[in-house]
Structure formats: C-alpha cells, structure tokens
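Structures follow.
One chain, subunit A, links the two complexes that follow: it is found with subunit B in the first and with subunit C in the second.
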Partner chain A sequence: MASILNSESLARDARTTPSRRRTKGSHFGYLLIAPTMITLVVVGLVPFLYAIYISLHDVPYGRVGEFTGLSNYRALLWDGRFWHSVWVALVFVGIAVPIEFVLGMLGALVLNQKIKLRGVIVPMLFVPTMMAPIVVALLWKIMLAGSWGLISYNVLERLKIVSETSVFGSADLALYALILIDVWQWTPFMIIAFYAGLQALPLNPYRAAQVDGASPLQMFVRITLPLMMPLMAVMVLLRIIDAFKVFDTIFLLTGGGPGNATESPSMLGYKLVFEFWKLGEASAFAVIIWVLFFVFCNVFYQIAKNRLKAF
Partner chain B sequence: MSASIPRAARAQRGVVLFTLLALGCTITLLLPVAWMATMMVKPEAEMFARPTVWLFEPTLAHFEYVLEAGFLSSLATSLVVAGASTALVVLIGTPAAYAFARFEMWRRDDMFLFILATRMAPPVALVIPLYLIYAKVGLLDTHLGLILAYLTFNLSFYVWVLRSFCRDVPVELEEAALIEGYPRWQVLLKITLPMLRPGIVSSAVLSFIFAWNEFLYAFMLGGRTVKTLPVAIPTLITAQGVKWGEVAIVGISALLPVLLVVFTLQRYIVRGLTLGAVKG
Partner chain C sequence: MSVNRGKGLDLRAVSKAFDGRPALQAIDLAARPGEIVGVTGPSGAGKTTIARIVAGVEQADTGEVRLNDRAIDDLSPQVRDVALMFESYALYPHLTVRENLLFPLKSPRCNGRSGEGDARAQELLELVEMSSLGTRYPSELSGGQRQRVALCRTLIQDPSVYLLDEPISHLDAKLRNKLRGEIRRRLLAKAVPTVWFTPDAMEALAVSDRVAILIGGVLQQVGVPAAIYAAPANTSVARLVGDPPMNLLRGRLSRQNGALWFKHPGLSVPLTAHVRQLVEGANVDEIVLGVRPAQVAFAPRNDAGAVVYAIEPFGKYSIMTVQLGDDRFRIKTTQATDCRTGARVELSLNSEHLVAFHPTSGRALT
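Up next, the complex of A and B:
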C-alpha cells in the first residue's frame, strides 16, 4: 500500500509544471484574444443560435415558415432512426477505441524496448493517420471490394466469410469493416503518442524500484501506468469524440447502408439535409448533437485539467 | 566474464526479436498503401482479375487521364483554401494563445472551454446551419466560405495547442525586458515570438493538414467551382465504374507533401495531435 501511495506522489511530482506567474489586470490580454473570440463567435456561436432558431420553425423548401415550437425535436426524438444512429456510433466507438487503446499501448511498449531501425519505423507509423479519410476509404474499398478486392479475394473468400460480394454489402459485417478501418487508421497514432509519453517519463522512480528489486510487471503497473494516466485519458477521450463523428468512410463506403446498418449520427445529419430535405429536423438534430458534445467536452475539460493536470 | 557473455547474447537476441516484431507489424500495416501505390501504374484490365495479378507491365495511362481531368485546378483550390485559412489562423490565433497562457482574465476558463467546444463540435452539427446561412448570403461554393468554415475547427485547435507551447517560454525573460522598459508589444514580438517558432510552425502545419484532408465541409459548402482534392477524388467514381489507377495517383500525391512535412517536424506534431498532452 505504501509503495502505491509513493508511486502516486511521484506521478504528481512529475506532472507539476514549473511555476507559472501570471500578469494580473491587464487590458492587453483582452486586446490579444479579441480577434479570436469574435471570429469564433461569428463562425461558431452564430450558426449554433441560428440552428436553434430554425429548429423551432417549419422549413418547407428551404424557407423558414411558421413557428412550430418543439415539434421538430419531437419528430426527431420519437423517430427510432435517430436513436439507431446513436446506437451505431456507440457500437463503433465501444469496439474501435478499446482495441486502438490496447494495441496502441502494446505497440508503444515494444517500440520503447531496445530496438533498431526506430528512425524508420516511427515515421512509417504516421502514414495512416495523416492520410485524408476519404483516401483511406478508397484504399479500403480496394482491399475489400467484392470479388476483386485484395483482402476479399485472398482472405475473406478463402475463409468463406463472403462469396464474391463485398463486406460492405452485408448488414452484419459492414459496421465491423468500418471499425477495422478506424482501427487501422488510428492505432498507429496511439502507438506514437504513447511512445512519446513513455519517452518523456522520469527515470528516477525506475531506478529506485530497481534497487528495491521490483519486477518489470510491478514497475509497469505501479510506475508507468500512473504516470501515463493523463496522456491515456486524453487520448481515449479524444478518440471517443473523433470516432463518434465518423463520416467520410461511411459516406463513401456504405452510405449508411445496407438499410441503415451503418448510419452514424453524422451520416443521418447529412441525409436529413440532402436526401430528405427536412431542414427543421436537421437543425434540431444539430442542436441536440451540439448540446451533447458540449456536456461531454465540459466533463473532458474538467477531468483533464483539474484531476489529471494533463494540459 | 564468462557469465556476462550469455547475458549479452540474450540481450542481443531480444533486440533482434523486438526489432523484427516492430518492423513486421509496421510493414503489414502499410501493405494496403503499398498495394494502392502499385495501382498507379497497373493496367485497368489486370486490377479486377481473379485471382489477383501480382506482376504486370507498368503503364502511364492513368497519369495522362489525371492531367486531362482538371485535377490541377482542384490542387490549386486545395492550396488556396488550406493556405489562406491557415494564414488567418496564425494571424488571429497566435496573440490569443499567448494571452490565454499569460494573463489572468475574467472567466478565462469558460472562454477556453468555449474554444475547446468549437474544436470538438461535430462538423455535421455546424455545417447544417452554416449551409443555410451561406445559401442566404451567397457564400456557397466560394473560396471565402470554405476558408471561414475551416476557422471553426482550426482556429480553436491552433489556440489550444499553441497555448501549451507558450507556457514553456520562461516568463522571467519577458519580465526582465519589461523592467528594462520595453513596451509589451515589443516584448511579444522580439522575445516571445522567436522562442515560439517551433510551436507556431507545427501547429500551423497541422491546421493546414486538417484543412487539406477535410471532406464534409468542402463537400457540402463547396461544389462545382470550389472543389478541393478530397471532393474531387470521389468524382472518379463514375457510372462506368471507378477509375482506380487515377484514384491511387491523386490519393498518393495528396499524401506525399503531408508526409514530408510531418517527418521533418515529428516531435512537435505529436504534441499538437495530442492537444499538448505530450511534451516533446
């Protein structure tokens, strides 16, 4: 018990940044932030308020009609399709993020061993992360296309998972294929981030533990994990938020189908505008999603800043 | 002495083993990209063959098509939109990041949370009202419209990350200059800015990449005249089928400049992408 407490206090020591004195009561600061705040209010807050306004009205053919109160919200929330899209996102996030996290940590630990060629391996890991998601989608279409796809033909058909069709056409498999793509794109980045985190750890706790005869596993659990906690939390939360927003790959590969098996909230929002032309409901949708994210962001910020001192 | 030799040999074996493991996994990971790269010069007929054709006579036909199909104008659009929005972000955001790091301000945490929220907001929630507003004021399908839209996520991202870099610049230097009697804005320009250069460059590069890769805004707010590369690429999916060779060429060439910059700035990029949670 004592040693656990000890490693936690070490973790806290390592996290405290050098003293930051702040200048008090200066108008200079407000002058410096004014352009940013004004811009963000114009491009961020104004659209949000406009979305609230639209969402309370009937919008036939793109023209704002009569005030209808909360009927757009009711139409959306009473529609199983909205909740289904939230469910799709939850499944997507719930499977993809844990896999990315565990593989990312394992990869970082391997990379942190004494290995050669690190200067080649690390840059290569940046490739999937830096690809435009739309190119990633097409890349995986090449891999998983029905009949001629590299993986479809050489692996999936041999394993009798599909026969001359694409996994994207299967209501059971399409979502998992999209999850696989997300894992492919973001695991390497998790590895790089965790590896950078491991590299930045202080050496002293490890030396002390070695003197005390601690095993590598003990050191990992009692020193590495607590020290990495802030970074791990930030990465997981960031990934949850980003994965929830997934659009490009779904738009290009399945269009939300088959049926609406892969219809994420972003995909549904797109369809509300461009397929169903229900602008009122689309605005209500935007407001709901936004409020949801604001609450989530607030929690994220409080945890990361106050409990973990991550920023 | 005799005991230390086997131990050294075992350690050596560990190095080789872990190196092979890491290298093997990384290469497997990148096989799809390598496969896509071969399609740049693969004849159309052999792409769809069953069984898969591994060896083929390279062709340059796809390159000709890409040049004729007007991808250069999409390239220019992408450069203009991503470049202009990044320049704006640096211009507007740098002072703000500095102020957030240095000054005690009224409700600073709430303002900062607002910035984080605009960064995190799902594009689809923003793009719907933006589309309606743009349709009204005539910003649909204009460069300016896209540049402004990209400020939503890039300005907030830039300010957030650069603030973390600002906090690493020692306050003592600035205080010394202030005591010497230099005005604040000169201290900012002559002392702080030069020390912030790596932070500014890497945050700006990431903003550029986000704009460069962005699809949803470009697709919904752009269109016929303002067509960025990510929007142009899916137009290769035609009624007659997908022009895979061309997709590969445009996709890979859009990636290359990005990789070049990222490799040179690796350390700082990681810091930016983790929103400052990793200090390089």
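Up next, the complex of A and C:
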C-alpha cells in the first residue's frame, strides 16, 4: 500500500513491462477499497478483538482485572438462562420469519397483478417499516393494553384468550405478541422487496414459456421461483439475522419478562452489561453469538449456492 | 396442394398498429402443411410482429389467424400449439442448455410426447455443433450459441406450425450455410407448415418454397423464389433481392432510327422488342430500368461514361462499383478486374434480362 503512494515507485512502474503493470493495477485496487476497509477495521474489527480480549478477563464494574481464561464462557454455557435466551430467539425467528416470508411473497404476487390503487398501497406499505421502534412499541402497548386496549378489549377478551390483564403480562402469550408485532412491522417490507424483485424479472422467459405451452403454475414454479431465488435467499438471511437480534420492542414492552419469558439474546446481553455489570461474561456472550452466526451464515450460503443455486 | 386446402396456417387481412402507426396492413398469407414460407424484408418491416401475432404474444387489431381451419385469435398462447423461435432467443436464464431444450416438452400439451426428449435434445445439439455444451447456462454462451439453443428448443417440438424468427442470422457463414439446408430438410419432413422470417432475402429464397416480401408492413409480392428473383413486382422488391441486388437507373426514353433507347447520363441502351412493348403500353416517357449485376460486361475505354468507384475481389468473381452520372452501379463479373479506381470503362448490358419499372409508382411494367 505504501509503495503506490511513493511517486518514485509509480514512475518506475510506468516504465515497466505489461506484466509488472498488472501488479501495479492490483495495488491501485487496494487503494480504492482502502477507505471502506479502514473504516471496517476501526469500527468493526478492533472493537471485536477487544471484546475477545476482555471476554478472557474478569471485568468487575468496568475495570479489566485478571486473566481468567475461558471461565466467562464456561459460566455462560453452563447457565440455563443463556440457553433459554437462545431458545426464545429460535422460537421468535422460527415463527416470525416464515410468516413474513409467505405473506410477503403472496402480497408481492397480488401487487404484481395490475390491481387498482397500487400507487396508493405501495407507499403505505412503507409506514410500519419506517416507524421509529419506540413509536411501534407504544402503539402496540396501547392496542394490547389490558382491559381497555383496542385489540385486547375487542378481540382477545371477547374470545377469552386473556382476561383483564395485558398479554405482555402473560408468560405464555407475551412472546407471541412480540412475534405479531414483528410480523406487522416487517411483512410490508418483504412485500415491497419481493414486489421489486418480481417487477425486475425479465419478460422474455415468460413469453417463451407461454408459447412453449407452460401452465400458470408451471410458470410460477419453474420460472418465477428460480429467478427469484437469489433475492429470496438474501431476504430470508437478513430477516433471520435481524429477528435473532431483536431488542427494541422487547426492551420497550416487556423488558424480557414476565420472568425471563421473552428474554432474547440481545436482551440478556443488555442485562449482563447494564444490570449485572458482568462485562467479561457479556463479551463472551457476544463472541459466542458471533460464532453461532458465522457458522450459520456459512452453512446457509453454501446451501443457497449449491442446492438452491441462489448466488 | 388442393388436398390440404384449409389445413395449415392462414392469415386473413391481419392489421396491427402501434401507437397509431400501422405496423402491418391487411396481411394475407398462407402456409400449407409441409411448406416453408419465407417472409423477408428490411428490419422494421413487421416480420416479428407477424410471428408474435400468430404465436399469440401480440394481438392483431383486425383480421383473422386460422390454424388448421380454426380461428385461433382468441386462444391463449399456451393452447395454440405453435413453436416460436424468438428473435431475442428468450432462453431461460436459470436453466442449462439441455433443460432449456426440454422445457417445452414438459408443458401440459406435450404430455406423453416427452418420452425420448433426451435423445432428441442430444441429436439436435449435435446438429448445431454444441453437443458438449449441454450443461452450460445461457450466460456462459456466445450470441451465436444462444441462437442455436433457441433454434433447437423450437425444433425439438412437434407443433402445428413452426415460426422461426431470424433463426440463423447471427451464426457464422459456414454454419449458416450448413444449417440452412439441414433445417429445411427437417422441416420438409414434418407435415406442418413453417414460416421462416429473415431480413436476408437470399436466405429466404434459399430455404423457402414460397417467399413473401414484406416492406413497411405491406406485403409487396408473394411467389416462388425463381419468380421473385426473375420478376420483382416493384423497385422496393428489386432493391431487396439479389446479391448484390438489382441496379436501378432512372432515364428518359428516346427514339432513334426506329429503335427505342433508354438514355441515362452515363449510359444509353437500346430496348428489346419485349420491353419496348411494355413501355409503349404504359405510355410513359421515362422509366426506371432494372439491371442484374451479373448481366453486365465492361471494357476499358478512355472516353466512356462510367468511372470505376470500387472493386471487391471475392476470388471466384468480383464486384465492381462504377459511378454512372449521379448513380452507383454494381457489376458482378468473372472478368479480370485489373483496372484502377478512377479508370473509365464502357458497360454493355445483356438486354434480354432488363426489367422496366414505372417511373412514379415503381411497379414493374407487365
């Protein structure tokens, strides 16, 4: 990197043979990506390495103490609370993402038909996604408020699902309420993304398929789905990562409760730092979650690439 | 052909306009089973529009399309039983070459017919010299290779009519020459009509039983290749057909010593009795004279009116362009063309093969 900024070496490169010049070209490429790489290293890699460092130490009340090896990791992995938070996230992801995906796809397919008022519907779909999380949380807190909330009073209590208490106060229902909010928040986004994808599909294969005699179902299964696969894979991956890290609505609505019924990994991580002041364990926690995601994303990528031919 | 009357493809007075501009005007065209009809014309003439209307991808404004004595205008493309080779290829980007070929055989209308699909795919790929590329994706192919895949995807089907929209236009000359004959042979063996669209008039003459000349959305002439070549219906057809196409010279008529002469600033020709009769019947004092490039001889002469403009030596023959007054005139000759650019040559026309056109309408005098 340094050599290319050196004017003498630049002048020398300019006189050299074509093969040498290609080497110079690759240096120039590094120069172009340097700003991005430096930013990533400073704000991403350095803090992460520091997190690994302090995860190996005892850090009482923010002061890095003595080296304790893997004891922070052991403490976490032997703690049922950690595994419970992972389970909460898995339930959250496992229910919310498939629903968002299917509803998103169906919504996009409907939008893609030349329905009336499309110009009005599409901008409205942005509303839930663009709302600040605090507004979303307050909105749903009001709608699901015990005994007088719009949905609590009119739907949940009439159907005798809950009585005179907020769903957020029920250990059985709080998580599903949070999932409902996530679906409400992110399904429109999926619709818009898939709709954009459908609009961008090439027309020619459809014309050819028509003339080749393909049925509408065949066209969907054999042309639309394969052509949409890259977008679908990316969207699902993004939603899985995002939903796994869900924090804002939980923090604002239940604080992880009742008990720890809705304590997601992010919520637990927050508590480890700001309630229990266990920075060592919190860092170990971050590293473990990172490893889980690193493995998951790689497996997902390989499957998407080789089986689904998505990338 | 009378046995097959009504069988095959019939277009009756088909018209189509795009944004108020007519693209096709009252097209009447028929293709009988076992017949190849070539539709040729410059780009923008409406060839692709005809193909798309027959396939059902486009709707005609007026007129009727009949296939095997049944109007198909209101049928969806899926049930028309038409094999269309798209000019844009329209390959399935996510399928391999072989999967692209087999796709049409998986449609509901082909149920039970897809049996030996793999063998047929392989055989067709061998025909177009792509047998080792069956597992490639379209994005990994060159333009000419994609065109061959689209061609195979059409030929693998057993439809009621084949529509080939510029099937071999992007192939190299050698392969084009080979496939022209091979495809014609295959299509003639099927008992269904074929419409072969091409901007190359000579290709149309070579592959077709009958040729339809389409210019500006209007059918100019329909006939067997020999008739189209020998007697173009108007100057537009004459400009299109031939390699190189016919020379057209506008000149006055004048009588000298009882003979009728065609007078052009660079050329004077006595007209034969036959042409003279046609000209007198039309009652004009000016004509456009059509001269086939191969029907001209030349000899160097210092005071001649023709000046050599360019010479293209092809080996077996040469094409010489001469400046004749304001016109350029092309000669296809086996004579030695050792004269230089700028040299003067005297032309002598074979007056038996001249074609006379009306000076204003451009129609051939008959």
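By definition in this document, the second predicted complex is superposed on the first by the 267 of 311 C-alpha atoms of A that agree within 3 Å, B and C clash if a C-alpha of one lies under 4 Å from a C-alpha of the other, contacts with A are read in each partner's own complex, and residues count from 1 in each chain.
We adopt the following convention: contacts are C-beta pairs under 8 Å (C-beta built on N, C-alpha and C of every residue); 3 or more make two chains touch, one makes a residue touch a chain.
What you see is a predicted model; the values in this text were computed from it and never measured.
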First, second, both or neither for A:299, with subunit B first and subunit C second: neither
Which superposed partner A:132 touches (first subunit B, second subunit C, both, neither): first
Touched partner set for A:200, first subunit B, second subunit C, both or neither: first
Subunit B versus subunit C as contact partner of A:77, first or second or both or neither: neither
Which of subunit B and subunit C A:210 touches, first, second, both or neither: second
Partner chain in contact with A:171 - subunit B first, subunit C second, else both or neither: neither
Touching both subunit C and subunit B, counted on subunit A across the two superposed complexes: none
Complex contact set, residues of subunit A against subunit B: 17, 20-26, 28-33, 35-37, 39-40, 43-44, 46-48, 50-51, 54, 62, 107, 110-111, 113-118, 120-135, 138-143, 147-148, 150, 153-154, 184, 188-189, 192-193, 196-197, 200, 230-231, 234-235, 238, 241, 244-245, 247-248, 251-252, 265-266, 269-270, 272-274, 279, 282-283, 285-287, 289-290, 293-294, 296-298, 300-301, 304, 310-311
Contact set on subunit C toward subunit A in their complex: 55-57, 76-84, 86, 88-95, 103-104, 106-110, 153, 157
Parts of subunit A lying in touch with subunit C, wherever the complex brings them together: 202, 204-205, 207-215, 218, 222-223, 226-227, 229, 309
Complex contacts: residues of subunit B adjacent to subunit A: 11, 14-15, 18-19, 21-23, 25-27, 29-30, 32-33, 35-36, 39, 47-52, 92-93, 95-96, 98-100, 102-105, 111-118, 120-126, 128-133, 135, 148-149, 151-152, 155-156, 159, 164, 167, 171, 184, 209, 212-213, 215-216, 220, 229-230, 233-234, 242, 244, 247-248, 251, 254-255, 258-259, 262-263, 266-267, 269-271, 273-280
